[in-house]
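There are two complexes below, and they share chain A, which is joined by chain B in the first and by chain C in the second.
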Partner chain A sequence: MAITWRGTELRLLLPLVVLVPMGFALAHIVAAGKPDPGPLGLALAYVALVLGAHIALVLLGHRGDQLLFPLAATTGGVGLVMLNRLPQTLAGMNLFGVEVGMATTQLVWFAISLVAMVAIAVFFRDDGILRHYKYTWALAGAGLLVITFLFGTEINGARLWLSIGPVTFQPGEAIKIVLVVFIAGYLAEKRALLAGANRRIGPIKIPPLPYLLPMLAIFAIVMVMVVISKDLGIALLFYGIFLTMLFVATGRRSYVLIGLVLFVAGSYVAYLLFPHVHVRVDNWLDPFADPTGTGYQTVQALYAFGRGGLFGEGLGQGLPLISGHIPIPAIETDFIFTAIAEELGLVGAFALLALAAALVARGLRIAILARDDFSSLMAIGLTTSLGLQTLIIVAGNAKLIPLTGITFPFVSYGGSSLLASFVVLGLLLSISHRTAADEGTTG
Partner chain B sequence: MTTEDTLRILILALQLAFVGLLYLLLFAFGRSLLRDLRSAERTREAARQGIGRLTVLESPEDEPPVGRAIALGPINSIGRNVNSTVYVEDDFASAAHAMLTFRGRSWFVEDQGSTNGTYVNGHRIDRPVALSYGDELMIGRVRMRLER
Partner chain C sequence: MIPNIRRLAGYLLLAFAIVSGGITWWQVADAQQLASRPDNPQVIAARRSALRGTIFDSRGVPLATSRVISGLSRRTYVDQAFSHVIGYASLRYGTTGLEAAFDDLLTGRADPNPLRAVFDDILGRQPKPKDLTLTVDKRLQDFAAKQLSGMSGAVVAIDPRTGAILAMTSTPSFNATPISGDPNSATAPMAALLASPDKPLIDRSRQGVYTPGSIMKVLTASAALDSGAITPSTTFPDQPQEETTGFKVSGFTIREHDLGALRPALWPLSEAIQVSSNIYFAHVGLEVGAERYLDYAKRFGFCSPLTIGSGSRTLSASASYVTKRGPNGGCSPFTDKVELASAAFGQAQVNVTPLQMALVAATVANDGVMPELYVVRDIRAHANDPSRGPTGALIDSTSPAAGHRVISSQAASEVRQAMVDAVQGPLGRFYAGSGAVSLYGVSGVSTAGKTGTAQRSGGLAPHSWFVGFAPAQSGATPAIAVAVIVEGGGAGSGKAAPIGGQVMAEWLKLLSATP
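Moving on to the complex of A and B:
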């Protein structure tokens, strides 16, 4: 593998050398009340990791897209600055009896995730293992869901965590990727059939259902399991990915229409049947009806957005404490966007969203330029997963849609989320690499 | 000016610098994105005259008839299945024989696991291959040429 110079990528990564340590220093100066930048070890370690990953890609001759990784690294850097600013005791791990703080734990996960990303981007050449064993993957994913449902631990009302020894992780993140792989494989194979013949019921063209059934069956199993484990955010995400990939593969708007109708119907049924959905929706419609109980999180988040305003309270200067801690629960995971919006304002929040949008744009570009249907569809699915996930959690924070237990990719605290996001990035990079290698260019 | 004032100024300066640098980076991303979009736009203009058609050169069963120019869309299925975009009535063609797709800047043909294989300019293909205008495609005993 010849060494490939990735100039654009380096150019876009270098500002992080200043940005991240500056963020750390700023938070410390505010907290300490004197011009003392404080310990910058974590910030410098992050920068070193990011540059190290870049160097690895260069040395290993990677020719994929050069904007994807800088976008993720910048988003992650801002996230790390925020996580470092928050009280370190909010989360963390216990490593051989030593309590490790939140930001440090996140950095460790960054290291693991970056290694995974580079490995997948460079060494994942033959996607045959994905496309030829798609039913195996699908069943493995469904199986994982069943295990989580039966043996998982319930946190915050949703059973989506599995504990193996000292490690707790979210299988939902892995299943998300498996789902994309399965749907991509299935649609690539059956694409012509699904886009072609119709039967008619009166004036309406009905798509050929027998060809859809295997996919619908597996998808239904996934959805049922997810809904039972009370993880509505992931259910919405899966459904969105599924519908997007279906539309892209077949080009038929009728599928999307039917899908949306089913969604509205299903949501209404869920609202009537499941008490936790009922609570979430009522809380979304009027959180001030119960501001200290079920509406507490939403109300506090709204106050935070209000305090932030256009330019924010300033890093380290917002998020007033109530009886010693921050009144917004899950601020390091589900509500990290709220924290950023309060301290960096609309300006900062918009920057983060612009980064996410750029990431989606690059992902779609990779999908368009991909060599074969499977890679193209997989790129669509992976890009949708990142974009839709960001959209769902930001909209939930801002009370545009009901709140769900989903994380902000690259920003939220959490190893599973970070690892999954970087695996997605690695897969996108490997698809982009294969396109560029065939064309003799660098993405 | 007290030390508190200098501290406040320092903090304010840092806050501005932080967000400012973030936005500079955003603009750099934006420039790269736009640059790629513009180059893609240029190639799309060139291809706008119509992306291509298949001219039938040989067809023992006369379906499609020799000499016909089959208009192509962005995605085309080729095979013995009557619902295919390019319907080929030949005993040596499979129901779903191949896919001819226009992607990015060029045509790609991908064999769909057919029994007798798909041939490009006489060579059997085993993975998706880029086609140029003028290349000949062999599905069963039907030979077609990709033209503009």
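Moving on to the complex of A and C:
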């Protein structure tokens, strides 16, 4: 295969060469209190990894979209700068007998994720593997769900984790991708039938039963997911992806409306059944009712937003400690956006959201340009998974919806999340490569 | 599918806009409010090390000052007469009083000018503590506290024309300095104060809730005259007889207090208030009627907590009640005529704060217009040397609000005349007898007032009350209105009325000495 120059991608990646090392140096200068840039090894390693992934795509002749990767890499770079600035003891792992801190661990995951992205972007340039085995994928997803249910570890009241040896793994992230592939395959096949509904109940058109059943099955899977994870965030994300794909495939708002009604009903049942969900909803309604107890996390996060103001307190200068700790539990995962909003201000928060929105826009463009329904629907599902996940966690941080335990794609600390996000990116790249290859251009 | 994707793009864009709006709310619109909450780590950290603004009295005498000693902020309180109104700023026990209400300004976290706060944020300027200048005059405050020494009670003095608090003190008091010092050495003095049976931490002027007794007749007369239920010449034909036999209301007999050698007669308002006839005012209360009486009480500020100051920085007082407290905090309706008739002379379920009764007196004094209370006059930039007074640049100044009319000008002047008679008339309870009018050495000054002797159950000595204002002669504009309570002080004319008179006289002397 011939080398394909990806000039736009390279130009957009260049700012990172300055941005990430500067972020590391700034945090070190503030912490040390003297003009010493400190060790920049991690920052330079990140830059090298990102440029390495770019060079791999060039050498492998990839013709996929050139904006996706720079947008994700910049978002990830901001996240890494923030994770490096936070106390390194918040998380970490034992790497060949050496305890390494949070930022180093995240960098290791970046390396794994970027390799996965490039591999998938190249390997799935032929989509047959995905399309033809969609029921196998669905089965694999369901199997993973069952395993999590049986052997999962409960963290913060939510059973979202599988432990394999030293590595804790969040199967929800993998199930998410498998679900998108399955739904895309199914809808691409049955799209015409679903769109041409021929039965009515009152003003609502409903599709014929044989075609409705698989959709109800997905609803059931999602609700099982709620029961397993006891977390509405992941359920909201799954269901949102599903409804969005259904809407794009059929153009029917009524499906989405019925789906939302079902979801609200299901959530209400979860609210009644699970104390964990109950507490989160009550906290959402009035966190100041118990600011030092159950409302602590939410209240402290709101304080952080308030301290940030328009321009932020500056990297390394916010997030005051209470008895030696940052008073926002899960600051490195669920609340990483809050940390960035405090230190980089509303301006920084908007910049991060703009990167996410641009990534979504680019994903939708890939869906519009895709040559077949399956590719297009898959692009929609993958794009929505990133976009909705960002929206749900940011809305949760800002108390617009109850807080949920999902991550900010490319930014939050955590291997499963990072890997899944870059796998999604790889799949989007592969779809856009097919479009470009058919047209003989580079995306 | 492409049109569907375009629509999806629109929905997602809308979702991003909503989320951005949510963040903007917390980071900009609500940021000041969040920054003023005491459990914000920023606030806790700032409090430990930051200089706190000075609090001055109305003439620039420092009352609370701060120094930073080896990284720890230390607060010194100069005068125990101010311990309740100023409160304390403790690293261990939080803040109370004005220290709590104005915490964001004293620490410098907030700025009265929101625009400047935004500029400071943009320029990364460290916020500076602000100094407060009170309306309270240390000389009058100390004088009032001295009158109360050895007793449990409170004095509240208001300028009726402006609503400025001139004095507000509660005894017994406490030393706020050790509580605000080193967090570790603050526990012992605090424990002693909490264990004290005299309850020195309670601000009796704002949080003390007492049966008012006869001072309530000022409110009853105001409601009756303004509503037209009575005129100053109204009499009740059965009243002379009922003074001895009792007044039967719905089967319950209301009896007169001990009139001593006084012979009952057919009394109009002036005489009735001079002898403080419970029977007369029971009749008046019934003439006003339950709903109207409750309505007037609410207009005077009853049934919900009073606040001193406006906006987000206020000092609040306990609510005063004319009936039982309702399920949602307000006053319940009167249950029957007996309760209404008894409330009209200040018994039954009437419970009041000294601040509320001072405000009633101030409203009558101010021609029926209730002034808006305030206690902080100026907000200034921090002055480095507090002993030289509030020399920092003026940032904000309270201009007295117009207040709002509670009773008509005519009703107010009729109540005022009755109150002058009550303390100076031939049958009056105090300052009575002498032809030449004088008030504790201030000649040519008439006083309006009303004493109260609030009966308590269990054989405890009654609370001694006085409300009044001066000067009250026709044509004069009253310069001070007071409420005084001495817990268990016996008759109103015994303890509270002399204190009230002396405080008013002292203020008039101070006013004439300093032009």
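In this text, the second predicted complex is superposed on the first by the 433 of 443 C-alpha atoms of A that agree within 3 Å, B and C clash if a C-alpha of one lies under 4 Å from a C-alpha of the other, contacts with A are read in each partner's own complex, and residues count from 1 in each chain.
Following the convention adopted for this analysis, a contact is a pair of C-beta atoms (placed from the backbone, for glycine too) under 8 Å apart; a residue touches a chain by one contact, two chains touch by 3 or more.
All values derive from a computational prediction rather than experimental measurement.
For the composite obtained by superposing both complexes on chain A, the positions of chain B and chain C are free of clash and fit together. When the two complexes are overlaid on their common chain A, residue A:244 makes contact with chain C while staying clear of chain B.
Shared-chain residue A:102: touches no atom of chain B or chain C.
Once the two complexes are laid over each other on the shared chain, residue contacts for A:18 go to chain B alone; chain C is not touched. Figure note: vertex chain A, arms to chain B and chain C, all at CA centres after fitting on chain A; angle 120 degrees, rounded to a multiple of 10.
With both structures placed on the common chain, the touch criterion links A:425 to neither chain B nor chain C. Contacts of A:376 after superposition on the shared chain: both chain B and chain C are touched.
Once the two complexes are laid over each other on the shared chain, residue contacts for A:78 go to chain B alone; chain C is not touched.
Within the superposed three-chain model, A:321 lies in touch with chain C and out of touch with chain B [touch as defined at top]. Contact with neither chain B nor chain C is seen for A:366 once the two complexes are overlaid on the shared chain. Our summary of the superposed model lists a minimum C-alpha distance of 7 Å between chain B and chain C. According to the touch criterion, the shared surface of chain A, contacted by chain B in one complex and chain C in the other, consists of residues 251, 311, 314, 361, 368, 373, 376.
Interface of chain A with chain C (complex): residues 244, 247-249, 251, 291-292, 299-300, 302-303, 305-311, 314, 320-322, 327, 341, 345-346, 349-350, 353, 356-357, 360-361, 364, 367-368, 373, 376-377, 380, 384, 387, 391, 394-395, 398-400.
Taken in their complex, chain A has these residues touching chain B: 8, 11-12, 15, 18-19, 22-23, 25-26, 29-30, 33-35, 66-67, 70-71, 74, 78, 191-193, 195-197, 251, 311, 314-315, 317, 344, 347-348, 351, 354-355, 358, 361-362, 365, 368-373, 376, 438. Chain B makes touch with chain A in their complex at residues 6-7, 10-12, 14-15, 17-19, 21-26, 28-30, 32-33, 36, 40, 75, 77, 79, 81, 83-85, 96, 99, 101, 103-104, 108, 110, 112, 127-128, 130. Against chain A, in their complex, chain C makes its touches with residues 1-6, 8-9, 12-13, 15-16, 18-20, 22-28, 30-35, 37, 39-42, 44-45, 118, 121-122, 124.
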